[in-house]
Amino acid sequence: MYSFKNDYSEGAHPRILKALMESNFVQEEGYGEDQFSINAIELLKERIGRTDVDIHLLTGGTQTNLTALSAFLRPHEAAMAASTGHILGHETGAIEATGHKVISIDALDGKLTPANIQAVLEAHPDEHMVKPKLVYISNSTEIGTIYKKDELQQLSHFCHENNLILYMDGARLGSALCSTENDLLMTDLPELVDAFYIGGTKNGTLLGEALVICRAALKEEFRYHMKQKGALLAKGRLLGIQFLELFRDNLFFDLATHANQMAAILRVELTKANIPFLNHSPSNQLFPILPHSVIADLESKYAFHIWEKVDDDHSAIRLVTSWATKKEMVEAFIDDVKVNIYSV
Amino acid sequence: MYSFKNDYSEGAHPRILKALMESNFVQEEGYGEDQFSINAIELLKERIGRTDVDIHLLTGGTQTNLTALSAFLRPHEAAMAASTGHILGHETGAIEATGHKVISIDALDGKLTPANIQAVLEAHPDEHMVKPKLVYISNSTEIGTIYKKDELQQLSHFCHENNLILYMDGARLGSALCSTENDLLMTDLPELVDAFYIGGTKNGTLLGEALVICRAALKEEFRYHMKQKGALLAKGRLLGIQFLELFRDNLFFDLATHANQMAAILRVELTKANIPFLNHSPSNQLFPILPHSVIADLESKYAFHIWEKVDDDHSAIRLVTSWATKKEMVEAFIDDVKVNIYSV
Amino acid sequence: MYSFKNDYSEGAHPRILKALMESNFVQEEGYGEDQFSINAIELLKERIGRTDVDIHLLTGGTQTNLTALSAFLRPHEAAMAASTGHILGHETGAIEATGHKVISIDALDGKLTPANIQAVLEAHPDEHMVKPKLVYISNSTEIGTIYKKDELQQLSHFCHENNLILYMDGARLGSALCSTENDLLMTDLPELVDAFYIGGTKNGTLLGEALVICRAALKEEFRYHMKQKGALLAKGRLLGIQFLELFRDNLFFDLATHANQMAAILRVELTKANIPFLNHSPSNQLFPILPHSVIADLESKYAFHIWEKVDDDHSAIRLVTSWATKKEMVEAFIDDVKVNIYSV
Amino acid sequence: MYSFKNDYSEGAHPRILKALMESNFVQEEGYGEDQFSINAIELLKERIGRTDVDIHLLTGGTQTNLTALSAFLRPHEAAMAASTGHILGHETGAIEATGHKVISIDALDGKLTPANIQAVLEAHPDEHMVKPKLVYISNSTEIGTIYKKDELQQLSHFCHENNLILYMDGARLGSALCSTENDLLMTDLPELVDAFYIGGTKNGTLLGEALVICRAALKEEFRYHMKQKGALLAKGRLLGIQFLELFRDNLFFDLATHANQMAAILRVELTKANIPFLNHSPSNQLFPILPHSVIADLESKYAFHIWEKVDDDHSAIRLVTSWATKKEMVEAFIDDVKVNIYSV
């Protein structure tokens, strides 16, 4: 059984484990004040091209989202997210548990635009309703789409004009930035968003997300919020060492590129086999639509999520590739689809 | 500079890193549903001697405390803790941030008794005050003391009689259970407390605490709370693999015993040198009282916390030993104290 | 300028003010333990036909909703409401501020059914999502519709089968129960819902809602929650005296009947004048659709909300009648509509 | 049975009820946007001598405290209060329920000073602890003491220097300001504190507290917080009408003066009878220490709280006078004490 279920099925890239081994007996300060974390943050600032941002290392996406959003928002302020947004449907009400409503915006492609945020603002005119304040976007999105630079510029401009906070969930930022369709650079982000995070967990680390706070007003005393939410690891070095290794050279981007390439092979070959897709996804998540009989056969050899029923005979499945995905298994999968399809 | 600052200055025990390496490319389910975590939990149940407990693996102490307490308490219920309790003074209001007051109880030795809990109950008679509901204790405590079996039995009986929840923070449970003065067994705990956790971070893992929920009523749907608080790691295997290694044989207890032995050498030798201690601590934290001039000299070679000023000329310092503490550095430290003391 | 804007434009029914005057110098216990509140609660139990319910008097609808829902739900549990539900759009995230998500269910007529709740349950299968637990309904609804007995029975049965809590917001319960289309009795409610409240503010009191908790498991220590949320008035007598007067005889129902009758006149006469309505509302809220020019003229003499734009030339307005609505002003309004309509 | 139990045993001053009657059928906007509330707020600004403050009318003390503090504080910030402070022991964890710790400061006379706040600041140096941010004081305090102008000036200066928020709970502000020992004016308060409230409930209204926000940064969007906490009454006029009447002339101060005079008679006469007091209280709360036998006799004719046991034979009781306290009952009480004391 080979898994295309997600991009966190394996451990960490071997270089990361090696870095942990080599540094293991160095004594260090706790709670992220170790030299590894300090160096990792400096390195990240270089890669982002900005020394005036604040960077914090946290353990996972939900933790990062809830810590950031609860620190950024006042009690009456709400977040807005596409209906597919991770904070809306897959974090067990983590944001609401910190006291804030998340307003759902229907968006077929998983992306927000000034127009649909504007509609939310108009529907929330006074103190009898929450105040929509933070725009939550994911890049790549939960359905594999990515923001083009001009789309993000428009959003950014709109948020700035309307005094909104623009926050980017980058759990799969590597895959987005390494997409062949992408025209955004890591160095563009601090100009365009108020805060974002660079996902490690889904791109080669054991765990770890690097939150980058770009807007000055959001930086203040953020470590208090991390501690309060249980997000300051005693051995913060564990995160520092990993991000140091990931960004020491091009490893972060190499890993994401591999994931995208594996997805590209799947996309191209399944398309050749006349398999339709639920949407156009240029990143490491694909949603091919297959006959139920084919899905049943594939399930005996591969693990993946059944995403949604399309009609009585077909469903979309979700295939996720990662830094660890093996090309031969991708090819085997494609062969198995083809064999099954032709026999339908 | 050698550090006695805490028990999380180094990485993980080499066997744990080795286990991570060896399992690295096994594909597994996410969010703690991997086979490693499942096996680790089974193994822990064996070690605890009970199959009817629920066990969950979380990343750190503050996270475990806030997730457990907020899951266990209704909105109007409060926790009680000794004034030295970690949740009171060192978790940035993490429990209050989930909505619950923590009532401080003065306790010179860091331990709670039926008598001082009874006083709190009497002071909270009606709905104009919070309802004291959960008794938070640490073993070993934040000042190095440990609960004897009869003390815990009395607390347990009292809590049972008064329908209170008894919760034990076991960040340093290893050191407590391996103390030469200890008469508690791991297998006693499910009989005596409603929930407790077994600390990994301070006893040899990179991170990880194993929360054991003993009382049936507290178990229900606990994973929802973990997810909501950002405590479900995508790569939950990281925790499972470590606990599996820690409890595969006697490693957990061996590591704690080493830490205690290093502390014992310090205690015995400093006592011989007529150094007084702030309190009697039979675990891996010691609080010797030293002249300020001696402290200043020691600080040039060793890292440690200055705990509290005792008089104009003396302060207590905190020395913490761990699985990684080197005997030769313990001896060097003792020598340096002696040299300095005699020259005062 | 005469207002049809809402049912809380005037003070209280004169009998209620008189009762406050007459009791003014009686010394009483504070915080709802006064004899007036005790008697009011006994009287309400009689009217409801059940002695085994718990009843609490609170000041307003948002306060009642947030106090009840936060007391009833565990942290990971969510409420469900029709998209028009008051807690969703008009309480500034009050429920979320206590930590709970409110799941929106599209429902054209403002009412929930087993089918649309079932769909929510199916979409929330595991711990990565909130657990839908409480069904919030309003009767009458925010758009004037009412639940028929068989509809409520079906909902009740479904909630019971699925271990859900069924909660009815009764801010306008009087108007619902006195509707000519209603077949529910106050005495039916404890059999069908787990908790509901009887709205005083919108039916003749200065303020006050009587929360009735029917399910035993939800009753425990509710006064703690009231105090914590700021919902226990020092002079709780203020609420007791008013509910005592309201239910001493038929006053509560007489007032609601008057409001409904005033609405009925508007409905019948506007219908005769060929004015369409946004929906069928048999209670004290009406949503006639009028040309913009007519609305503009009416606004010079009457206050009302413009509810929603229907097309380029027409909008629906909201007319609310109350115990205090004057028949001559209803007639004047109708005349003014007719004059304006014919001149369009 | 005559009650000295508290200052909210009766209804409202007759002039206030009269004002409610006379305005009853005027149609008004809801939610505090009525003309009565607007006028009351203008009038209060005049009385306070400042037009640049924001004033909001809420229903009770706990509600006011929790709404204000949760609006003013960021998630990691804590309040500080004297150990006798109402928010610490008598509001069922209302502040903690909004996420904020309340730090208890021992203060024998119920009052805070720069010195004891300074000690708290020093004990909270970093992000592992909450950040002490808001100083909560009550005037008069929960044990009847009052702040002199120079004491408040020192506190104010200290808070300003340390960027702390100074908040005054004025549930019994009337009694404090009308004390014969007071040298503070209402018009001094906006210069000295960042926010305070003027208590109506305990000084003649049915309910109602007027929150005055003086510091500009705390004013923003406060009505959102009120709505979210259930503190915006639909018939906000109920509060506006009462405060308008209370401050139309000198009524607020006359009522407080009466309460204080009744207390003064008790203080003078009991002192003459050699009855000691627990503390020196120059306001409407007194804590005489009486033999248990005398207390038992008095309890057959008077209601009051037994405050605390002083020794095996004596306890302090709490006597509270109000605008409604009858002089003849004060005299009767004194006579009864004397008779009983002499017979001991």
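Should a chain be cited, it is by its letter among A, B, C and D, assigned in written order, with residues numbered from 1 in that chain.
The rule is short, and it goes like this: a residue touches a chain if its C-beta (ideal position, glycine included) is under 8 Å from a C-beta of that chain, and two chains touch if they have at least 3 such contacts.
Values in this document were obtained by computation on a predicted structure and should not be read as measured data.
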item	value
Least hop count linking chain B to chain C through chains in contact	1
Centroid-based (C-alpha) most distant chain relative to chain D	A
Length of the line joining the C-alpha centres of chain A and chain C, rounded to whole Å	43
Mean-CA-position distance for chain D and chain C (Å)	34
Residue numbers of chain A (touch at least two other chains)	75-76, 91-93, 97-99, 127-128, 130, 224, 227-228, 232
Residues of chain C defined as touching chain B within the complex	31, 70-71, 74-76, 98-99, 127-128, 130-131, 221, 223-228, 232
In the complex with chain C, residue positions of chain D that touch it	2-3, 5-6, 8-12, 14, 17, 20-21, 23-30, 59-67, 91-94, 97, 201-202, 206-207, 224, 227-235, 237-238, 303, 324
Touching residues on chain C, where the partner in the complex is chain A	75-76, 78, 89-93, 96-102, 104, 127-130
